[in-house]
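Read through the structures below before going on.
Both complexes below contain subunit A, partnered by subunit B and then by subunit C.
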Partner chain A sequence: MAAWLLALLGLAISACAKSSTGNSVLVLLEPSLDKANFSTFFNGLTESGYELTFRAPRDAKPAVIEDDVAQFSHVVVFAPDTKSFAQDVTPQSLVSLLSKGTNLLLALSPKKQTIVNSLAAEFSLILPPPGTPLISHFPERDTPATVIPVKPTENPIVPTKGLLPVWFSGVPFAYSPNPLLVPILNAPSESFAADSTTDSGAEGIVEAADKGGEGLWAGSQLALVAGFQAHGDTRVLWAGGVDMFSDEFAQKESAKGQQSGNAQFVRDAAAWAFRESKVLRIDSVAHHRVNETEPRETYTTNDHVVFNTHISMFNPKTSVWEPYSGISDLQLEFTMLDPHIRTSLPPVPSNPGEYEVTFRVPDRHGVFKFIIDYKRKG
Partner chain B sequence: MGLLSFCLLSLLAIAGVDAAQLSLQSPRFTISSGDASQLRSEPISLKQRPEPLKLAPTDVLKLSFQVVEKDGEKGVQPHQTFLRFFDAVSGEEGIQPVRVSSSGKAKFELNMAKPPGSIPPTTAENPLNVSLLLGSFEHSPARYELFDLFLPASQSAPPHELEHTFHPQPLIHHTFRPEQKVPPRIISAAGAILVLAPWVVLVGFLAHIKPSVPQLLSINIFPFIATLGASEALLFWYWVDLKLGDVLLYGGVLALFTAAAGKKALATKGDLRVGRK
Partner chain C sequence: MATNSKAYSLPSNVSPETVANTSSLLRIVSLALISGAAIASRLFAVVNFESIIHEFDPWFNYRATRVLASKGFYAFWNWFDPTAWYPLGRVVGGTVYPGLMATSGVIYNILHALHLPVDIRNICVLLAPGFSALTAWSTYMFTKEMKDESAGLLAAAFIGIVPGYISRSVAGSYDNEAIAIFLLMFTFYCWIKALKTGSALFGTLAALFYFYMVAAWGGYAFITNMIPLHALALILMGRYSSRLYVAYSSWYAIGTLASMQVPFVGFQPVRTSEHMGALGVFGLLQIIAFAELVRSHVSSKQFQSLLYASVIGAGILGTAGIVGLTYKGWIAPWTGRFYSLWDTGYAKKYIPIIASVSEHQPTAWPSFFMDLHFLIFLFPAGVAMCFKQLRDEHVFVIIYAVVASYFAGVMVRLMLTLTPCVCVAAAVAFSSLLDTYIDPAEPNVPKEEAEATEADPGAADAPTTPKKAKKASAPPPTLGDFVGKFVVDEKKPHGIFGLNTRLAVILNALAMLVFFVLHCTWVTANAYSSPSVVLASSNPDGSQHIIDDFREAYYWLRQNTPQDAVVMSWWDYGYQIAGMADRPTLVDNNTWNNTHIATVGKAMSSSEEVAYPILRKHDVDYVLIIFGGLLGYSGDDINKFLWMVRIAQGVWPNEIQEPNYFTPRGEYRVDDQAPPAMKNSLMYKMSYYRFAELFGGQPAQDRVRGQQISKTSPTLDYLDEAFTSENWIVRIYQVRKEDLLGRDLKLANAFEAGRKRKKQKPPVRRRAIA
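Here is the complex of A and B:
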């Protein structure tokens, strides 16, 4: 799950876009990939209100950053065969995009060591060597071993209720523990990464595992799609391959007579990455003494102080920030160097979006801060 | 990823759809202790799971079987021969590949003195479900549930240093100092009387000796009395509000006046004593 990071003051963001942070999307699409084969995904974004700009990875224009200003709210990189990008797309520039508030949707390459693959290590992802795609012989089916139906796994980002299996073809990745990284789709337990295409490759798999360390990428502890929420609240969606976004996989049957869950899954995952869903904002904070209404410049020891805050959640359907009272585990800290008081900040049932608590100021003199630090995966 | 590059795989996979199934022949496990004495050795029935296996920290589990085609007796080497260790409670899973010879014979050894890194974290209460996954480009895949395995509990992996901030944190209550205790009113009143008693005595004495200061309000002496009063007022002001710098400034100026007025007053008093006036 990704994190909801709330600073003391939420950013006031224009509410005219589909996303909570803007609707311009740059798609770095490799020329060898047919744009028409991704029409379900791209048209879905356009219909939601996004303005898509397409660019080949080696084209110089439009630049992702100009005059130190990010030119797009979201950047999609679908370039599994491109080793060298134009000068403005480097691992460093992608990271600096994150600090400038741009969200990223990155598809890894199962074949080559691209800049996206090299960037993955910085986000706690551990990739198998290039050229070792995910293989599964289970269940018995008429597709290649590298085209795998994956049952969606419970995760805090993409709702899985009623979601049909998702076709996947690409590279799996292990990950080191990092609370900012949230796996969205795990590999099936029978699957593994291998470069062999015949049964005689069995020796190689055992030998790779014997090497120790990350010798064998196998099992459901691997992820195929993961979300990462950076400290500046920007989000990165890592996908093990571009094919899961394609029309071909979206229309492929994953259960008898039923289309796969791909179209729904990738749209929901993109909605999270583009900060449509699961976005919270603190609208205001206020504090005053009990039986008063105005805040004081100073409070003295043992005063009974009321602290309240108003929190909204972005509704992508209406592009409106709506009061949100659904947080049951919000906490308030009253801190001088260390928190002296940490108390729960419960919602006020009569007032949507309002959270309030009354507490007694500690009998210690000093400069205290009111702190709400609410981080959760998702 | 372009699918064309995998057309070879595709063809092979399609060819394998109707292929023969894989089966296990004479699967057997043996548990021996650290000093090589055999503790348990049984064939594995693929229909009924044996009693759960338990391994001590120095025990060795050996597993042997042969992979054959279901119809024939021909041994095969499948692409994928994995042992899957799964903890159903924690959801942790470990995959260990097994080396199979070209005749389909396989031996696997799990030495608890040197457990492989693929074994998931274990607890003493929950067993690991051990299953065998057989996958092949040429044969239908097969999956066999072998047995439940109790392993010695492993140390839990240390969580990420920031992990705790992503969960509700323990509440912190401030321990307030106890309220100040006020003594009973009678004791306070007695204390007040005790403190004020010398002043009563002093006032009594003053009334008795009736001191007279006839020149107090004379034009030469009163300024000195007034400046002394102003100094007292300044100290009171310092106590209430003023900063030290202000007090020193005002006090310095006032001291000059006080000194001049004092000199004048003393001279006048002296003159009065010697009867010059």
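Here is the complex of A and C:
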């Protein structure tokens, strides 16, 4: 019985300063927003090695896609008040950017139904009606009810250790089930989305809560910042508002005498989105019979087959792919329609980055595939 | 019969040697001419079209032969084909009758050893015509054993051009049957020869050709059962002889052992019911031979009857043993294909996959005439004539005729096994007719009876057939007269008088032969020479127009898709895709895995949403369908669609139900009134996708079904149209990959089209506490 082999690999990648895919960044910045107000964020990017190009949403040049080729490795859209963009920026073109390998950083608009807001639905995000920003009266503070300090929630992307609360102002959103979504920052449990800060609709909210929470935009289940890793490994960062990226919020005190965690938070989130951090790659796969080195076209029953792979992780500090042995739960499937063998693929201690397993080929003829299916959030 | 007068005079100054030499020269020349005619008439396909492999199965045989020719026999033997039955694969070496490929491989190697660089394709294309010449020769040998050389020559001429055989052996029809009929006839010839002479040599030869036959065609079971049947009939007729014992034992022992060397057959000869008859007869012969031996040495009467009892007892025990083993499962019971031979409705009920093949359908009456022409009328006469002498070999022809006629009535395909028998019987009848009427001898008749006899034109009976007296003429028939007709009246002289009677009959007979030749040529040229890969139609001015959609599409696949792109199609086209497009296929004409075929059937007959996961699971990249609605090509997938539904229903009766594909009134419709299951099925959508656009606002007409197709084209969300051939016969769709954002592809398409989404509310997470 022969097993005909075909190596097919699916690896979802998880993971930080210069991107693994390119350094050109286009920032679609609304003219009403002052570039200087975002200097912490933008300078941080520039210092890391990114080349930022700024463009107003209605400008035609530089185009996002030219001759069907994406012109930038990353696109940032900070345009909460722009309803109509230049022709080359449409929900469809933004999605097509993802298929062309461009990462996106999108900020939602709390006031208007912009194209970014309407695009959110395609990413399994559910937005409250326009003009209903997140409101919280707790903790007691001197800022408006719509400017809220949020304690960072545990997430796989932004390290929260020692991270101070993040100031947020904008719109929350809910998730519909989608394995590609990665929650990063959730709303505080006392917060809710409402169209005014006067609490005139409070009774309605109470009523809705009584009805089982239907239509209720409240609580810690609402998200403020979320990551999305598309098939094809491009990443999207969704943020509920642009203000959290601003210098104003970055310098605002969130605890006594201490600056808020905003600067660190947005930098880390952007590093994920621009594929600096948590990027894994399979360098090579090989299979052969025990005591041989060359792969065979067919393996027959009772053959012991060695499968090995080499995995490395991108190190943004040095911009080098380094061998990575930190995955302990990697699995290999030997599949024909269904996995006939599913075994763990442990790292080889002596050889960093190397994972290897030996197994006996099943007594079944057919075309088998070697599949590594490692999908983790982040 | 001694005669005095002659109807016409023969030259008398010719020595018997000259006559013998001339007739033998004439025989050789005639056989050569017959072979020439047999080959030439099969070349219509090449002349009208080109040197191309036909239909479906031959494509696989051709592909396998190329592997054999390029990689050698051992590689072929161990060949595991990963591209067929994806992802299951197919062990070709062990699931194929290698005789055909091996034959071509040997011819190829011989020609190359002689420095004749002939392309393997041409060998494959021309193998069938070549073997038809050999068939003609072996039929000649066989018939010679029945009657004489002249009957043999007639039989050779008949089999050479009879459409029933040509249908399976035109140039390009590179299928097992192409060589199998030759092997069939030659095995039978060797068997008859062995039986006649009691020669173990011919018995062994029969076994060797039987082995070749087993290696070449699944129809070998016909021989496996014909020869034992014949032997059994002879035993029952009390014609047991040592010749029969030698012939049968040598054939069975060597033949069975040899046949088990073919991997695909393996242990079947001792494990399946189809082969048990031969084993049983073998055992019976041993018992009888033993009994005969003992009898010849023992004289006591009581002992003899005891012996008979014990022989019968042993026979019953043996039968009971086989039945017992069958129940225990040591011997496989009859297969479904076999049952369908007895109960023609069986396949339709239990194994739709067998019933779905058109050549497994019962034969329509006209096709008997179409395939055999006037031979079908002569056939009973020939069989009747066999009864007259009823030598051992005549019993064989009679049994063959009965069995093959039945099978030919059950399955169109088995017309092929009937054809040689018909040719033999008809040749016997026809040559008897000619013998009678060409023979110049006049009967010696007393004057007063001469007039009465001469007035009877129906006196077709030959002087060599004394059992059938000529018909009495005028008086009203009574039972006595009727019986009297068949009672030999030795006193009455009978025969043919005068030249005019002779000429009238012979000219008629010749006219029949001429019409036969014309008919055969016409049928061959018009019905059986189409490669079915290339279609032909005629232009208004009568010139030929070639429709080459199949190759266009297969070539597109070959040129535009990655080497490992998996193509899904209905199984009919599996071999062609593998052969011409060189791409992996899910199912093909080998039909060994009913579930896999049902999976394809299910994908084709379900809606897109249901089909998509099936397609993805099987790594399908392209879906290929055949659509004849534009051109009026009736062999398309919509017409085969119900079989897909039925086969899928056989495996998933809860998900696919045939009645859902009919209108409430029980009609099979593709127009506006088509039922929802039909309209939503993947097959329907793929067939009529953008079909109406062709008609530019005019009502779209499906020329096969003669129905109007609705103007709005079905929408496809999970597939993209990749290719449609010139005449829309072949349409290829590409299966989309999963959406980038993990959306349902339907939603993704709606988004691309710019349609607005419905507003969503956040999912409810809590329940109110009352």
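Here are a few things to note about the model shown:
Just so we're on the same page, the second predicted complex is superposed on the first by the 346 of 378 C-alpha atoms of A that agree within 3 Å, B and C clash if a C-alpha of one lies under 4 Å from a C-alpha of the other, contacts with A are read in each partner's own complex, and residues count from 1 in each chain.
Basically, a contact is a pair of C-beta atoms (placed from the backbone, for glycine too) under 8 Å apart; a residue touches a chain by one contact, two chains touch by 3 or more.
Values in this document were obtained by computation on a predicted structure and should not be read as measured data.
Once the complexes are laid over each other on subunit A, subunit B and subunit C cannot both fit and instead clash.
In the overlay built on the shared chain, the residue A:I126 is in contact with subunit C alone; subunit B does not reach it.
In the superposed pair of complexes, A:M336 makes contact with subunit C only, with no contact to subunit B. By the touch criterion stated above, A:P91 is placed in contact with subunit C alone, subunit B being left untouched.
In the superposition on chain A, contact of A:L216 is made with both subunit B and subunit C. Touch criterion not met for A:P31: it reaches neither subunit B nor subunit C. In the superposed pair of complexes, A:H137 makes contact with subunit B only, with no contact to subunit C. Ranked by how many residues of subunit A each touches, subunit B and subunit C are led by B.
By the touch criterion defined above, A:E190 reaches subunit B but does not reach subunit C. Contact with subunit C, but none with subunit B, is seen for A:G232 once the two complexes are overlaid on the shared chain. With both structures placed on the common chain, the touch criterion links A:N178 to subunit B and to subunit C. When both structures are laid over each other on chain A, subunit B collides with subunit C only at 99-107; the other stretches in 99-107, 189-197, 297-305 or 315-323 stay clear. Comparing which residues of subunit A touch subunit B with which touch subunit C, the overlap comprises 177-180, 209, 212-213, 216, 221.
Interface of subunit A with subunit B (complex): residues 3, 32, 80-81, 109-111, 133, 135-147, 169-170, 177-180, 189-190, 192, 194, 196-203, 205-206, 209, 212-213, 216, 218-221, 241-243, 248, 302, 329, 331, 333, 339-344, 360, 362-364, 373, 375-377. Interface residues of subunit B facing subunit A in the complex, by the touch rule stated above, are 1-3, 5-10, 12-14, 16-17, 76-82, 84, 86, 92-100, 117-118, 133, 135-138, 140-141, 143, 157, 159-160, 162-163, 165-166, 168-174, 176-177. By the touch rule above, subunit A contacts subunit C in their complex via residues 2, 4, 6, 91-92, 95, 98-99, 118, 121-124, 126, 174-180, 209-217, 221-222, 228, 230-232, 234, 298, 336-337, 365-369.
Looking at the complex, you find that subunit C touches subunit A at residues 80, 82, 86-89, 91, 564, 584, 617-618, 737-743, 747, 751-752, 754, 756-757, 760-768.
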